[in-house]
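By written order: A, B and C. Residues from 1 in each chain.
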Amino acid sequence: MTDKFEPHIVGFLCNWCSYAGADLAGTSKLQVPSSLTPIRVMCSSRVDPVLVLTALLRGADGVLIAGCHPGDCHYDEGNYYTRRRFATLKKVVESLGLEHDRLCLSWISASEGQRFADIITEFTEKIKKMGPNPMKKNTGL
Amino acid sequence: MNNKNSNSDILVIGAGIAGIEASLMLSKSDRKVHLIEKNSYTGGMSIKFEEVFSNMECSTCMISPKQQDLLQDKNINLIMLATVEDVKGSPGDFKVKIHKKPRYVDMDNCIGCTACFDPCPVSIKNEFEEGLSTRKAIYIPCAGALPNVPCIDTNNCLRFQGKDCQACQDACMFNAIDFNQKDEKIELNVEAIIVATGYKLFDPNNTPHYGYKKINDVYTALEFERLYASNGPTQGKIQLKNGKTPKSGAIIHCIGRDKQGYCSSVCCMYSLKFNHYLKSKIPEIQIFELYTDLCIPGKSHQKFYEKIKQTGTTLIRATDIKITQQGQKIAITHTDEKGKKRNIIVDMVILSPAIVPNTDASQLANILGITCDDLGFYKEENQNISSVVTPKPGVFIVGCSQGPKNIQETVSQANAAVGKILSASQEGING
Amino acid sequence: MDRKIGVYICECGPNIAEKIDIDKVIKAVSPLDDVSIATRYKLLCSEQGKKFLEEQIKKNGLTHLVVAACSPRDHQHTFMTICENAGINPFLFQLANIREQCAWITENKEEATNKAIRLTKAAIGRVRYHVPLEKKEIESNPDVLVIGGGIAGMEASLHLASPQRKIYLVEKTSQLGGVVTNLEKTFPDMQSCPKIIQDKIDQVTNNDNIKVYTNCEVTEILGFFGNFEGTVTQNNNEDKTTVGFNVGAVVLATGCALFDPTDDPNYGYGKFDNVITALEFEKMNLAGNIRLKNGKTPKSVAIIHCVGRDKKGYCSEICCMYSIKFVRYLQNKIPEIKISNFYTDLCLPEKSYQKFYEQSRGKKNDFIRIDSIKITNPGNKLTITHNDEQGNKKSHGVDMVILSPALEPSVDTKKLAEFTRISQDDEGFFAEEHEKLGPVTTSTEGVYIAGCAQGPKSIQNTLIQAEAVAGKILSSLIPGKKIEPEVKVAHISESFCIGCKTCLTVCSYGVITFDSTKKVCVANEVICRGCGNCVAACPSGAASLKHFTFNQLRQELKEAVL
């Protein structure tokens, strides 16, 4: 194995809950692995499965989708659709020969700064154990 | 176009959920709002809750967008650490005197980095956290409080007690700390006043048979809310004073109901919410709920109750409750529904107290020229005209300052008061 | 396009400067395409900082702005305003969060710097593909259609009506007043209902800006916030006329119905004489005619609370109070009468209710807690059987039984929910937009609900909701003022749409309609909330979300994985 593998994880965070929770981790000065690059969307339901696949096929070691807890979605039911899409995505990702655990779906509320930090830490550890994304050499997308 | 004369400003007293809601609505119709808040933070009581019934929605997620909107709204003049001292004049033309205490931190320069906290040598009990953790003399009440700007507690700050200390100022890179700020007297001319000053909880020290403050691990509702809160003193870990995880708990409804003489309408629901809190963190915990009448009006509330019942909680219709220490545990003697005397032993007790008027309610009533009812809540003119209208035209009472109620009813009243104000000032309408 | 992107990295005092090697970030982003300047500044959100940025934009002729600083939730608004002041479209801006989500959470300076570089590059990558977005202004009609002429509808109408705002108050029956016309008194202050209701009716009738249409049924509601078209059919004797309204908002104040106890064998309603519902008793009482079927005056009455509560699954909030009010009615009209109230839990949720209950108790009345109850009629004597608190069976014989039934949604709820594309909740009432913060609004912007149509409540709370609806409409539909809808909304390309309607099924707000001529879906940009759910659902890529397009997000994530 080469020296320390530092994963690159893309995180889609919804503006109202999970992005706010991530900000709270910041204002609380909690330590969060720098593996995550957050991308803000208005609702987790905006996360197009093709975007997730693009990320993975371009070599992202992990993709996180985070939204409001079920029932709390700022746009009523958006996160229920996220959940459904995620279930299908996992199967698609497997069919591409990738480990479905490279995908993570989490519900993080605006007051859960610590939880955000914990989830990113856990996910990073998991990805480290899995090793780098075998698709890393693809840059055509 | 709305005819706007110089008196079309509105005064809203209290920046809890009712005050914020009313202010945002008024701003939407291009009215200028002066929102007075006595604390250093917005959000009132509702930001102390982690979740709200009946869908267990995250309270912060629900309220912080409103707080953010408030802070960015150009029509709303938010005046914090301020109280109303005097109101003169007549409906449509009130002259209000505000007393604003200094924050000693410049709100424009401060960027909320919290570098000033560590160096402060003073440590005192944090009132926001119900005394369950400490804060410094320069502080924000909790992580995520908005505005994210600290204030100095002059009663405990060494400098303001005559000692020589400027540790916070030395640590600040933004020249945000200004010991020279002074009290301000602000005069406002407003068309109408909305009173949204909220409530406090009945103090269980007045009912010693519940063992509050005498027995460890007897908590009030607000203390327990902070214990459960992810941004609270234990980051949401429910633990006893000795650090252990409770194996059993009892939630006692109706604390102070007899003394106060009314049902506070929300306690049964939030007591069931506490049940949910406990089970979600400690799935094997055994829970008892002791109540007199189950008061759960609201179309979705009984469903929630049924759900909680199914998790195996023991519901006891109980009277003559007495709580005593029994070794390391807590004993609750009571008379059950059938008239039999019973005893249960638990690790932890949560008291659900009545909602009572704020300590300064009657003082503010005098200033505003309105009255309080027998219970100390602000008095509406006539319940069947509208419960937000007082006998003094132009002064409206909303939320728990008018009487105990849940957030939905509070928000409706805030909307209604704005409805009444905007309705009267529609062009062509005689006010 | 000749882009000139200015990249400004905020030091935020020591907050960012000490945790991130800013010069390294500048070095990394300066050579990127279209970046015409990359530099640092001490504190961009300060007054001097804001001035500096504005001057920089003008001086350098920048077309796009990237700021790497704090969270967009803090200062997005601030920097967008600066863009506007400097003459560039505020949407040609992106804020990279290198404080809350980088400097403050990353101890290792090298890691923090690398992450800051990634985030800034991502912002630059994204902003290249931003397009200017303009604020929209839509003409709107300030008039309101109020459906339901009961106390809620009348209260809302009275608060809304003005010479600039016409109210069309539509009532199904031939009279205004609704259910309150059947009541003698309110609780807890025992005020005269006929007076209250007549007062409202007089005010409504005398108001030139309220037009009342009785004997009307709604047949259609089309359109959207600011521009609804409502159609009603008016039945006048033999004639049926169609009336149409153009309005900006619709208020549903259609009240509720009472649970029908006929099918419940425990109560004997419809089987035994002198078992009546609360409404029947109210009418009897109002007419001053509390009598048994045989014309005699009852000597004993039982009032049964919570009728239908188990079946409906909720507490109707007002029944305990009106049952206690009945005690007062009876004590007043028939002083010697013996009254027994049978209840499961006493629900007294307002500050003055408990006192009302305590003051209603007397020597001749009992409040008895039960868990189950059965009414029989052996030998033509109404008998109430229940278990007492010790579990023993008890029986009471009474002359008359009053059943206090649950409140349920009115029969028109389903139809009106369909017309307005709002949902009904699990109990069948109109679903409010948000249980706590949106009790009188719905998922369809411009459609409001008030009173028992939203859920069981007292007259007091009904009036509050009616006034709340007025407040909502008065603050959002202002005569002469245009509506400024959300800008970052969905758009469906007609040429790419395959008409599968997937977007339509996922939208919570009724934004999308199907054009059956063109066989494509159309998104109404006026009421779109901008969540993007339809965009992610669309299989053909026809749907896009302004300012969060697929390509913009893809460019952003490109940097995240490199």
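In this section, contacts are C-beta pairs under 8 Å (C-beta built on N, C-alpha and C of every residue); 3 or more make two chains touch, one makes a residue touch a chain.
Quick caveat: nothing in here was measured; it's all calculated off a predicted structure.
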item	value
Touching subunit A and also subunit B, the following chains	C
Chain separated most widely from subunit B, comparing mean CA positions	A
Chain with minimal offset from the mean of all protein Cα atoms	C
Between subunit B and subunit A, distance of the C-alpha-averaged centres to the nearest whole Å	35
Centre-to-centre distance between subunit C and subunit A (centres being mean Cα positions), rounded to whole Å	32
Averaged-CA centre spacing for the pair subunit C and subunit B, given as whole angstrom	24
Shared-contact residues (touching 2 or more other chains) in subunit C	73
Residues within subunit A bordering two or more other chains	20, 27, 29, 74
Numbers and ranges of subunit B residues touching at least 2 other chains	55, 57, 62
Of all residues in subunit B, those that touch subunit A in their complex	50, 55-62, 64-65, 112, 114, 143-144, 148, 229-231, 235-236
Subunit A partner contacts - residues on subunit C that touch it in the complex	71-73, 97, 99-102, 104-108, 111-112, 114-115, 118-119, 122, 443, 488, 506, 508-509, 529-533, 535-537, 545, 548, 550, 553-554, 556-562
Interface residues, subunit A side, partner subunit B - complex	16-17, 20, 24, 27-29, 68-69, 71-72, 74, 109-115
Contact footprint of subunit C on subunit A as seen in their complex	8, 10, 15, 19-20, 22-23, 25-27, 29-32, 34, 37-43, 45-51, 54-55, 58-60, 74-78, 81, 85, 117
Sites on subunit B touched by subunit C in the complex	1-2, 17, 21, 25-26, 28-30, 52, 54-55, 57, 62, 66, 68, 72, 108-109, 111, 113, 115, 173-174, 261-263, 265, 293-303, 306, 337-339, 373, 375, 377, 382-388, 403-404, 406-409, 411-413, 415-420, 422-423, 426-429
